[in-house]
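In the two complexes below, chain A is the common chain; its partner is chain B in one and chain C in the other.
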Partner chain A sequence: MSDDELVLKVEDLVTNFYTYEGVVKALDGVNLFLRKGDTMGLVGETGCGKSVTARSILRLVEPPGRIEGGRILLYVPNEESGNVEEVDLLKLSEEDMLHVRGRLVSIVFQDPATFPNPVFTIGDQIAEVVMLHQDLRKEALEIRIEELRNALDKLEGKGGLVSSTRREKIRERLAHYESQLDDPPEPDPKYKKKAALKIAEDMLRLVKMPAPDKVMMQYPHELSGGMRQRALIAMALACNPLILICDEATTALDVTVQAQVLNLLNELKKEVGTSIIIITHDMGVVAETCSWVTVMYAGTTVESCATEELFYNPRHPYTAGLLTAVPKLHENRERLPQIRGSVPNLITPPPGCRFHPRCDYATGICETEKPHLKEISPGHWVACHHPLPDKGGKR
Partner chain B sequence: MRLRDFIIRRILLAIPVVFGVLTITWFLSHMVGDPVVMYINTNTPASAIPGIIRSHGLDQPPHIQYFIYLNNLFHGDWGESTSMSFRPVTEVIAQRFPATIELALVAMVFAVLLGIPLGIISATRKDQMIDHFTRIFSLAGVSMPIFWFAIMLKYVLYYQLAIMGLPHLPGGYRYDSNRFYWFQYTTGFILIDSLVYAHSIPLFVDALTHLVMPGFCLGYLTMAIITRMMRSSMLEVLREDYITLARAKGLSEKVVIYRHALRNALIPTVTVIGLAFGGLMTGAVLTETIFQWHGLGQWAVSAILSADLAAINGFTLLVALIFVTANLIVDLVYGTLDPRIRFG
Partner chain C sequence: MSEMGPLVKVRGLKKHFPLTGGVFRKVVGRVHAVDGVDLDIYPGETLGVVGESGCGKTTLGRTILRLLDPTEGTIEFDGKDITHLGHRELRHIRRQMQIVFQDPMASLDPRVTIKNSVGEPLVVHGIARGPKMREMVLELLRKVGLNEDHLNRFPHEFSGGQRQRICIARALALNPKFIVMDEPTSSTDVSVQAQTLNLMKDLQDELGLTYMFISHDLSVVKHMSDRVAVMYLGKIVELTPHDIFRTTLHPYTFALVSAVPIPDPRFAGKATILKGEVPSPVNPPKGCRFHPRCIFAQEVCSEEEPPLRDMGDGHLVACHFAGALDFGKSVQQEYAEAAENGAAM
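What follows is the complex of A and B.
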């Protein structure tokens, strides 16, 4: 894959948690790539490290967790030169990371109920991130001009000396501000806030929040789970990020709302031009919304390819097992097939391939040598010593 | 008006509390001894005692006496303080109340201004040197008996320094009455009177130096409690998901702590502050006695020692009222901090 169409490339990411029971080797060589404008599904069983991956990308792993190695490359378009710059997030200073978070990479966390701050209104919380990352000079000036125009309209038709001198004064100020439109000065904080609140309300409208003007003034506890989810998506999208990571953004929602939110994300992608990572363990969600899938198992990437390819031609034994375990309506089976054994303990993970104790195809090499992610056929990456045969084309 | 209804309801709810307190103290105080001892001394002829008993209604059955007490109370007659040469209890309270409130407020300001920042620092630098120091400092505050601490402080900062001829803090009283012999109280708050009525900066400074030691003693325990509360609630809040979200927005650590975490962490701390204000009244009893502070606490001690029942009942009732008011204020502050709390 040529690197110029990528926005994110994660290479051999390693994250550990230093707990009393021992070192939890939560991520051990995660590899991802996300293309511009793509929606990628990140799938895997519970506990396989999807959320830790998401947090690692933003460097938000909290102690006792620590990112131990790898590279997180972000491809940032430089507006002046038109070139794309490669930035390794793990090498940035904490201060520079502040410009990445919320601005270039946004995240919607798993479980929306606990995420908004309970003591601030939704409007304030969205406006906060807008004020932090956006310039707003033009927007603030426009609001000021609009206010003056409204004031002028109100005075219109009123006679009397007082209102005519006031009109004159307002016209003067209006002309003054209009002359600044080409190069707006640093705005007054009050107008900056107003501009940010306006953008916040537009964002709520964009995510199809019911009664957005009312929600702006409400506190998180006054909203339903679906509304909170939308508010968080609005917050994450408020600064048109390069990448949006949705960590089980829809799992907590009921099916109809879930479908709405997913459609919404796809629409927004077109509108805002954001690339999206959808973290889920729901294969149905992946099939419907993602063009690319990355499968994780016990802290490693096992397979990465286009969605159709994955469903029709899985090459990693784990992926194949995962797919046969998905219930299908047209088959009426007594028992769903399952992968034998259970998810390994990440404090003492199996050596070599982490999947080998559960794998039907495992040989000696699987116990000793960790397989690396390789492109085994065009556009299909697999980390396995004995990948399943290529079924070739669609079934 | 939701807020007004809330306040009215809280005041109505406070009535049974205050009533319960005054009933219990009245019966307790009349159980421990014969109330007639208040009115006699070793020189009183035995033949005069039946007359004294009758004239104070002490021959009535207890419940009748209690109703007489209540009746008088609602007419503004809180009885006479026998230990204060039979002056009306209300008059003594009016005279001494400012001294105690002034001391309690200074203690409170000191406790809050020191306790909250210490708690924040301690939480954000968890397990670092400064956190250990803060924890030892506050553990000392909650473990030391206030009277012992006050005496030790006075011994070192006043007595020892004075003996060595070094500059030292005053060991008691509200101001130096030899130097400022001309001073008369107007409002009773010396910090106000010295500036507004006496126009004397030296007196103000003198009063402040007199406030330092008792204020610190009285506030130390409260400060320690606030620090510990602030530290633990801050640590808890910093683990909350909304803090992660705030960080994910790209906010700097300073903004995350002071805008997003602080307000949430203050919510439980405010409760503690309200309760502690009631506790300051209790602490004042000891502090005032040690620092010859002519406030309510000192009066309460002498009242107890001389079985001055009207004074004991009056003091207890007043403390109950202060407690209830402090809690009402806390609930109001609570509501402004936490939007989840609805008045009404």
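What follows is the complex of A and C.
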């Protein structure tokens, strides 16, 4: 893997929450990377820090949480020079972060019932994102010109009834605006809004929303769960971000609707070229959409590799356990193999490898020394002192 | 098991919720949550109920327990008609039927210790109190894999999986025959879910329980159940003793099954995707309720409602063309075959 393919690299990220009960070590050295045009699945159980990782990347961790260490590198292509610039998001000012959120990295949250603002129409909400992040000077001017042309056409149709001076005036203004096309001035707010609404409608069409013109005027409560999730995806994609993070975006949906949304994400990736991070606990969703998987456990990255490799050749005992604990469609097993115990309390996480109290392969070293993420075979990173044997060819 | 009579017998069960509107809260419509369900649950079996959200599976479970009063139809429990029982008599019957709810945090009182939460049914029914109650609660907790230390703790001190165990212990307190499991694992993680499911199976074997297992997760339902009922808009469309991933006769079941993501990357992007969404249960479509989304729909489907027909060995289907449709092979079937040939993991 060469660095120039990357869009995001997270190194040794540490996020702590300072609560009354103690310091919750939510993230303790998370490492991950995302390649351009890839879809990465971030999997793990509740409380393993998937969502905190996503929020840390966007620097949306709220007090009592604090990002305390590591680097979040975003590789932003510079449009003028064509070079790729490396930006450490943790070093940016809050003001600069505003340009990153929604513009370069955007996120779709889990619960579609709470996230669109209930008192604004879908159209207004998507348009707001567009107006905030995009320079709409050209689009606004084009809309103005188009409106004038339409007005002129209408007048022509009416023949001699309307004075020719009015027509002349419109033509003059039209010529004036057309001359500005190369260097559009700051638009009138009204036209800026119109341009943004137009882009919003195009976005709704892109996410295959039925009757997008109608949905523009509707409020979130009028839409079903699946449609709301589509609207949120449209909102997130409105500025053509480098990275789209879907935080359990399909968990609240029914299987049939989930299949529709996953299919949509697969298609959009091809069309828009955005890199996607899908946060989920469902291995089926990962297999369906992702090309790369990062598995997290109790605030650390335990395994990271290509999807096929992970499913056929898991090397970390936790990943292997996770894969077998899911009831399979085709098997008639009396009992499910289970991982014993439960996820540790992160205020007092186990020393050494955080998985060792639940691990069947744990030895002395696991209790004292924290394993680091290592590339144990090409393209397969594992953080374990005793990785499972390589199954290699036996697929 | 069919030599014995059914433990629960439901006939023509309907539960409608009125929708009110306007200044005088006039009834402007009805939500047809459960709309004509016939069902038998035999002693010792697990009947799975699946369907998308809003299809009425939870309402069905609650109506059977008389937590909701049915609009129409009859419910028999253990040979006794309980449809119109009053409170006093119901209380007696309720000893034998219990429910475990979806959200264990919401169904445990945060200010009551586990001992008192689990012991409450014992006190209410006058079975035990004081030290004897403590003894019985401890035995129940041991049954679900908790121990003495947990007795005097509060719900917030437990993890999600443990809380669900506590709820199961409480449901078992009165030694019931029948337990409705309403999405018991949908709020827990896979590794914990496996533990909970195994526990429920063990308890069933040990105590001879009968379960009605409600879930939207098809793989979980399939794993747990002897028979599976598929609901769509308040009606049972298919009830099968077979593996729903292999033999389905109703196009809706087929579509539902095909939409389940397969945990194997080689089968990615092959799912059959059902168009549209579930219509509103306020005005369900005429005729077969699934016809607007069905690819096999013909004229008769929009006019006549198909009855639930027996297709042999207890496989009931409500479709005009049951058995005559060729769905092709679902990805799930391909996956299962690949797995049998040893190609999958």
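By our rule, the second predicted complex is superposed on the first by the 388 of 395 C-alpha atoms of A that agree within 3 Å, B and C clash if a C-alpha of one lies under 4 Å from a C-alpha of the other, contacts with A are read in each partner's own complex, and residues count from 1 in each chain.
Assume a residue touches a chain if its C-beta (ideal position, glycine included) is under 8 Å from a C-beta of that chain, and two chains touch if they have at least 3 such contacts.
This one's a predicted model, so the numbers in the text were calculated from it and none came from an experiment.
After superposition onto chain A, partners chain B and chain C are found to sit side by side with no clash.
In the superposition on chain A, contact is made by A:H221 with chain B only, not with chain C. After overlaying the two complexes on the shared chain, residue contacts for A:P116 are found with chain B alone; chain C is out of touch.
Looking at the shared chain after the overlay, A:L58 reaches chain B, while chain C stays out of its contact range. Residue contacts after overlaying the shared chain place A:G102 against chain B, while chain C stays out of touching range. Once the two complexes are laid over each other on the shared chain, residue contacts for A:E288 go to chain C alone; chain B is not touched. Of the two partner chains, chain C is the only one touched by A:T46; chain B is not. Once the two structures are overlaid on chain A, chain A sits at the apex of an angle of 80° toward chain B and chain C, using CA centres and rounding to a multiple of 10. In the superposition on chain A, A:L132 contacts chain B only, with no contact to chain C. The partner that reaches more residues of chain A, of the two candidates chain B and chain C, is C. Touch criterion met: A:A325 reaches chain C, while chain B stays clear of it. For the three-chain overlay built from the shared chain A, the minimum Cα spacing from chain B to chain C equals 7 Å.
Taken together, the two complexes place no residue of chain A in contact with both chain B and chain C. The touching residues of chain A, counted against chain B in their complex, run 58, 60, 62, 97-103, 106-107, 109, 111, 114-119, 121, 128-129, 132-133, 219, 221, 232, 235.
Residues of chain B touching chain A in their complex: 240-242, 244-252, 260, 263-264, 337-340.
Only residues 52-53, 159-162, 189-195, 197-198, 201, 216, 218-220, 222-223, 243, 245, 255-256, 259-269, 271, 273-274, 277-278, 332, 335-336, 339-340, 343, 345 of chain C touch chain A when the two sit together in their complex.
If you check the complex, the residues on chain A that touch chain C are 45-46, 224-227, 254-260, 262-263, 266, 281-289, 307-308, 311-312, 321-323, 325-339, 342-343, 395.
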